[in-house]
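As written, the chains take the letters A, B, C, D and E, and residue 1 is the first residue of each chain.
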Amino acid sequence: MNIENATPLLRVEKLNKSYAKGIGNRHRTQILRDVSFELRRGQTLGLVGESGSGKSTTAACVMGLTDADSGLIEFDGVNLTTLSKPEMRRMRRRIQMVFQDPNGSLDPRFTVADLVEEPLIVHGVKDPAERSRRVSEVLDRVGISVKQAERYPFAFSGGQRQRIAIARALVLNPDLVVLDEPVSALDVSIQAQVLNLLSELQDELGLTYLFIVHDLAVARLMSHHIAVMNAGEIVEAGPSADVFENTTHPYTRALLDAVPGAHRRSAQQRTAQQGTTAALAAAGMADALEGK
Amino acid sequence: MTSTLLKRLGVALATIFGASIFTFVLLRKVPGDPARAIAGDTATEETVAALRQSMGLDDNLFVQYGNYMGSLLRGDFGFSYSTGNSVGTLLGQRLPATLELGLLSVIIAIVAAVLAASFAVYSRRRWPDQAVRAASSLAMGSPPFWIALLALMVFSIQLGIFPGPEGRLSPGMLKPPNITGMFTVDSLLAGQWGTFANAAWHLILPAAIVTLGPFAFLSRLYRNQLRGTLRETFVAVSRSHGLRRLPVYNRHVAPHGLLSLLPAASLLFADLLAGSLLVEKVFGWPGIGSMTADAIIQKDFAVVQAVLLLAAVLYVVVSLLADLLMTAADPRTRVGAR
Amino acid sequence: AVGLLALAGCAQPAASSRAADRPFTVNWAASLTNIDPAFVCAGAENSFASNFYARLVKLDEEPQADGTLVAVNEPERVKGDLATSWTVSPDGKSYTFSLHPGAKFANGNPLDAEAVRYSIMRNLTIGGCGALGLQVGLTDPPLISDVVVVDPQTVRLELSRAYPAILVTLAQSRGSIYDPKVIKEHGEDKKGVPNQWLASHTASSSGPYVLDEYVANNYAVLTRNPNYYGTPAREAEVRVNFITSIPTLMLQARRGEADVTLGLPPYVVHQLSQEDCCRVTTAPAFAPVTVSLDNASGTTANPKLREALTYAVPYEQIKASVAYGYADSYYGPFVPGIPGFDAQRSAPRPLDKDRARALVKESGITDPQIDLMINPSSPGVSTLATILKSSWEDIGVRVNIDSQTPTAFATRFNTGKYQSALLFESGGAVAAYELRKKMTCGSTFNNQHICIPGTTELMDKLNAAPDLDSQLPYINALVDAWRANSPTIILYRAQFTAVLSDPVKHFEYSPTFAFNNWGR
Amino acid sequence: MQSNSLSLPAPRVAGDGGPDAERHDPVLSVRGLRTDFVTAVGTVHAVRDVSFDLRKGQRLAIVGESGSGKSAMAMSLMGLVPPPGHVAGGSVKLNGTEIVGLDDAGISKVRGKDIGLVFQDPMAALDPLKTIGSQFVETIRVHQDVSVKAARKMAADLLGEVGVNDAARRLSDYPHQYSGGMRQRVLIAMAIANDPSVVVADEPTTALDVTTQAQVLDLLAKICDERGNALVLITHNLGIVEELCDSVNVMYAGRFVECTSTEALFASPGHPYSKALLDCVIDPATARRGALPAIPGSPPDLSVDEPGCPFAPRCPIGRDQERCAVERPQPRTLSNGAVVRCHFAYDTQGETA
Amino acid sequence: MTALAAPQAVVPARRRPFTSFLKRDRRLTLALSLLAALVVLTLLGPLFWRIPPEAINLGAVLQGPSFAHPMGTDDTGRDVMSRFLAGGQTSILAGLAIALIGAIVGCVTALLAGSMRGWVDTLFTWLSNSILCFPALLLAMAIAMALKPGVTAAVIGLSLHSFPWYMRTLRGEVMRLYGQDFIRSTMAIGAHPGRVLFRHVLPHLVPIMILQMAAVFGAAVLSLAALGYLGLGAQPPTAEWGEMITEGQQFFLTGQWWIAGFPGLGLLTAVTLTTVIADRAREVLDPRGEFTQAK
């Protein structure tokens, strides 16, 4: 696919958002300031930044879950900000979202099968047989067996739940998926499962991701383009490799520096002493065995 | 800070306004003619008509409401036809009795609830907690008027330790000078020990029974609050620094519990006018509660209206104060939050 | 709390030993709404108010077997009070009273002919209950046409016609004399608008007692009026507690904490009479317990049905188990003891269910049904209603009990908007007045809408007859007509009962309680 | 923010005595520690037979998946297991004193003085109704008989030391006036105020912003180093482990499955679980999109204690092994000094034994 | 303590049924079965205890408990037991009605206010504040006075005071739910607001509502009895526990304790049991509460 020539699937321009504070909305806190970016079909845009920088707010604006104050959100040539509510609801068939916390994003009172089926019902797939076919297809795709799908979400582990959430987002065959920190609530050991799944799905289905993340390693791995947010502004944007290797912006630099393990010490730097102490720690366990 | 204050004040005023509309409409809709009730059964139609006119009952509702609010603001609460007194006078006569009973029982309730819940939560054993919970459930479930009758039967008739339902003093006991209107306080101020003993002796049984409900409410609330606070991380942190249970409890757990008790306890004060209603009735306690009960039976709408509105205003004002107090007591809101 | 308990412990014996030197205490199961003599309607209010005001005349008394005095309601035996003597004009239409010389109100103002004139005129014109009572129901044209001040010591009452019973009503609280100056100080009355201040205060005092303290529905303290022209009250101070809670009344009576307890239900009186805490005194009262029926509409317009109902009341059982014997039976428009009452003519109805059933059948009403309005807040009412319901349902009349609050009950009763109502009445002391109130066709006071053909002429003649002797034939004819129509069911006539503590030596019963004659 | 903030001073070597002396004189010695949570659903055996030693100045990391029992273990060391839980057995010796089974008075003397704990969530770890100063003074005066004034002075000094500017004045602030990072600094300062020989830090930075995490970790390491406290650091983040700690205990399902030096772990993990954990760390240089190494399956239910190796169902080696399903592996020492609980551990040579 | 993770163990496939929970919690089971017994007794008792509650027998007044009259007779010889049963029926049914009416009105207003916000919210909040500032009993008394005193007026008055009480809690809950990811995720799939409201929000309100209903029920039964006691609730001859206490109170003092004694005991038992049950259930449903009691 020729990435450079494709028209943007999503174009956000000069997006502003503020929240009212105090009586009579006299004070407003600006959450987003002139946020602009483009996202091409089949690509991933990684949105990184520290907590509170406005990443989730951006996602909510794109999803139409909250109204922006000003700015343009153009999806496949349609300006989303001018759509009426029912039109926007219909548009959501093509834009789906996966939330950060898989424990909170699945209604605990629905079985997994019902949860995954719900988007189909909402978007008027009338035939129950057709619905259940598509549900089992997508569940199979994310690695949940149809038998398990009769259970409630709390019976699943975090990773499984996140996969269910992904299935729910994918069942309508959307074009754009907004992923708001889909792995940050997961254990390292589980993260990989989900990230692998996301990559596979993108490759197979030609999905477009707006990937919100704060783990820079994940961002780098998953995204074609990176946009760095700080205090509601995009401070740096560009192809992933550029941003990581030739950082110009001090904020991005700071983010990169903060990653532990970034300054790996070589094996030689370790003193011999450390070997002994490790042995000591282990000794306790061995001792216990010996019946001490 | 000031803006939140103004906002709360606004809400309070709006609430009082709503309440006043409510009482006004409710009582104007009482079937039967208030003028007829006042004039008496044998009065002629002309008399009643004249009275209606002088009472303004022929005006339209808006004008009536305006007049009503106007006279309220002037401190005129209307005339109670069933007692032949102005409502203001009645309130003046009755309020101290209710306050004396209510304040004492609220104070007992707070003290007892705090002690009981603290003991229940602090003790490592299970029985104190179970005992306190059982006691509060029973107190919650007991019909006060029935318990009052029971108490009268046992303590007054069978054992004779407490006086019968004769009000605030034994008949013939000299009333203390009217300073606060609360007999125990006044007699102490005047140094009349006999009167004090007598007034206190009359107060104990009704106060103990009025206390039941508030005690149940507060003790379970405080207990839950304490248990919640005990689970807070900062408690574990203090313990990890080597503080022992009692100091942690006193310095970190109890203050949080007490802070949360503040609005609840203030609601009890707000409920003072009605809280003792039933017990007053049983004990012949000449307070607002028994007056209101009588007035309602007599359809004496002026009294009912005044008491309802007074209770509402008391509630709103007390919750406002409690709110402000909370704000002042909690550093998170006191010092400009981040 | 422990401290309080300890204090309470020592306080208790002290309190009860003081019982002897506490003021004379009257516990009364009454709630007063108004003590303005021109406005009061109910018996309790009349009784209470009458203690503060002098009247021109007073009723004579007779001792009962147990020593308590009972007032006599006969005009011929009325005695002077504020009036030392009076003369009646030959046509019986003008009464001239000479007043007690030098009499003063408690506040020192002169208690003179002007005060009398003012008071009586105020009672007549203010539009409350007073006007009706004072004129024995003869308001159209008014019985009292004028009150004339002859000189400060002399006042003349002009009547529109001769009417000796006027003396009896003048002896009641409607005839009270109060201080015009005090009333003027507290706002001159507009016609028909009650003086609010006077509803809970007295306009000085011309009677034996001064109202020292009054907390409505709670208590009142009465002290001797130092300026009283008559015999000073027996007790220097009387404390009246208005207590509606029966248990409280009972307990205090039992403990001797009240000297006189009034208004106890018969069950409690009966209970106390068997204990040695106290003494029970009874007196015949004008207090019939009745079921008033709407004679004009509904099923109760049918005289046969009404009659059937009167035969289906377990009178004896009610007297025994509801009134505990403090009752007697009769059947007639006014109670025994009123001058003109004829025991034979007003013989009680028996319980005869067969006859009742036959009468129901005769009435021709299929599946008769009545609504029985009650005010369950007066003690004993719901018990009575329960008994009536079950015994009338036994003869095939369905009864629907309709509970009302006191005010609603009174309003509906007085305006005649009910089908049947269970009522503890307090009747008047004048037979003609009772008949007039109850039997005049179309009168607003005839709330039972009793209108028996042929009684109008009798009523006119009765109204024209000045004294009892000349009234008697018409009274008897009216009683007969009344009985033949069974307009009301009379369950029994309740006796007045009072529970007295042992130290009480003087007690007198009259329709208006004169506390000044009570004492230890 | 300073760059290159995580430079690490070498761990202090004990002044007297050689490795041998240290070996027999650990400041913290844990043997057979077991912690249970009794719930209505069943008893959760959160810590199962944990043993280890810690010597003066040592920095030990404990890593493992969520729910593997790390916090429960840390709390057990303090005698602070929260209610439905309790220490069900084993021994914890601090400077030679047994603390399991001590009464309130006894354990209170040890807490804060011999062992200090830094909690995970700094936002909830300070009493919001008390000033920082009063909480700090209280902490100091529990173990040191000094006047309030002196304690305040000490508090200010300590706060300054952990990098709170204008510390003396900020003592009279309330917790909500501090940012998360500042609060964590305060908590660290309080934990070391009475100079405990062991500091346990339970994920001290997960609740903080990425940019602050590094600073706080740096500080913790520096402080422990300067004062010679031993440090037990509980973390998810293997990057942190590599930078800060000398040795690592890998925890799985309530047990240590591998105890080794950091170097050895990163060089050649012995236990398949350790290896899988290491593989999960995304190294942008080598990772391939869509083919990240992942551990399949999910952790076991800690309320049942099945025979065999708990990791077996997820283990690349043990998945199909009969032995792993029935026989619980016992600790054994590998050639690089690591002790592992695995029948088929990878030894230095890369062979499975 | 937040330092330790919440139980995260692998959970059984199905939601734990309520019955399995009952088996473990003996005290709750006991309280529930006692209350159920009381309810069944008052509702079905009259089918077996056939003496009509209004049947008088002037030959057997004020008799103490005996085999023929297990709870004795009153001053007109009515059987106290049959009146107790009938009274319980009135109390319990009216209490249920109040709890239900309040819950329904409160829930509807809360859903409207919580989902529409803006002036709808302001209006309902103002309304509920304006009602809640009156003490419940006083308000019910005033309403009884304005209408005709009786069970209906009492139910209306007490429901009027109970609905804002539901609304206040439920409204907060609705608002909280709307901030939750699973609701946002349902909106994100393009679901109609109505679907979100009824299929996702409403089911989450039910447990809270049931808990509150238990509390309201207890309070309502007591208030109802209080109104009856004051003569503003059920009117004679309707049997109702509060009204029975009024009728029997004078006999309480002369030794015939059973007339007012049994209804009082009935009230005490019913309300206490409800309180215990609601308390226990709240603990179980509280995410922070632990099942077992320990320090």
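Some observations on this one:
Going forward, contacts are C-beta pairs under 8 Å (C-beta built on N, C-alpha and C of every residue); 3 or more make two chains touch, one makes a residue touch a chain.
Just so you know, these numbers come straight off a predicted model, no measurement behind them.
Shared contact partners of chain C and chain E, listed by label: B. Here B-D and B-E are compared, and the pair linked by more C-beta contacts is B-E.
Chain centres here are C-alpha means, and the one lying farthest from chain E is D. Each chain gets one centre point, the mean of its Cα atoms, and the points for chain A and chain B are 55 Å apart. Separating the CA-averaged centres of chain D and chain E is a span of 50 Å.
The mean-CA centres of chain B and chain E are about 23 angstrom from one another, to the nearest whole unit.
Put simply, the C-alpha centre of chain B and that of chain C have 39 angstrom between them. For chain A, the set of residues that touch two or more other chains comprises 157. Each of the following residues of chain C touches two or more other chains: 247, 251, 377, 405, 408. Touching two or more other chains at once are residues 31, 149, 152, 157, 231-233, 236, 281, 297, 299 of chain B. Those residues of chain E that touch chain A in the complex are listed here as 10-15, 180-192, 195, 200, 203-204. Residue ranges on chain D touching chain A, taken from their complex, read 1, 3-8, 10-11, 13, 19, 22-23, 26, 29-32, 49, 51-55, 58, 60, 65-66, 209-211, 213-214, 217, 236-240, 242-243, 246-249, 256, 259-264, 267, 276-277, 280-284, 287, 289-296, 298-299, 330-331, 333, 337-339. Against chain C, in their complex, chain E makes its touches with residues 54-56, 58, 61, 75-76, 78, 145, 148-150, 231-232, 235-237, 247, 249-250, 252-254. Against chain C, the residues of chain B that register as touching in their complex are 31-33, 36-44, 46-51, 54, 79-86, 89-90, 93, 108, 149, 152, 156-157, 160-167, 170-173, 194, 196-198, 200-201, 203-204, 281-282, 284, 286, 291, 294, 297-299. Within the complex, the chain C residues that touch chain B are 1, 4-5, 7-12, 14-16, 18-19, 21-23, 25, 31-36, 39-41, 126-129, 132, 190-194, 196, 199-200, 215-219, 239, 241, 243-245, 247-248, 251-252, 255, 257-258, 377, 405-408, 410-411, 413-414, 445.
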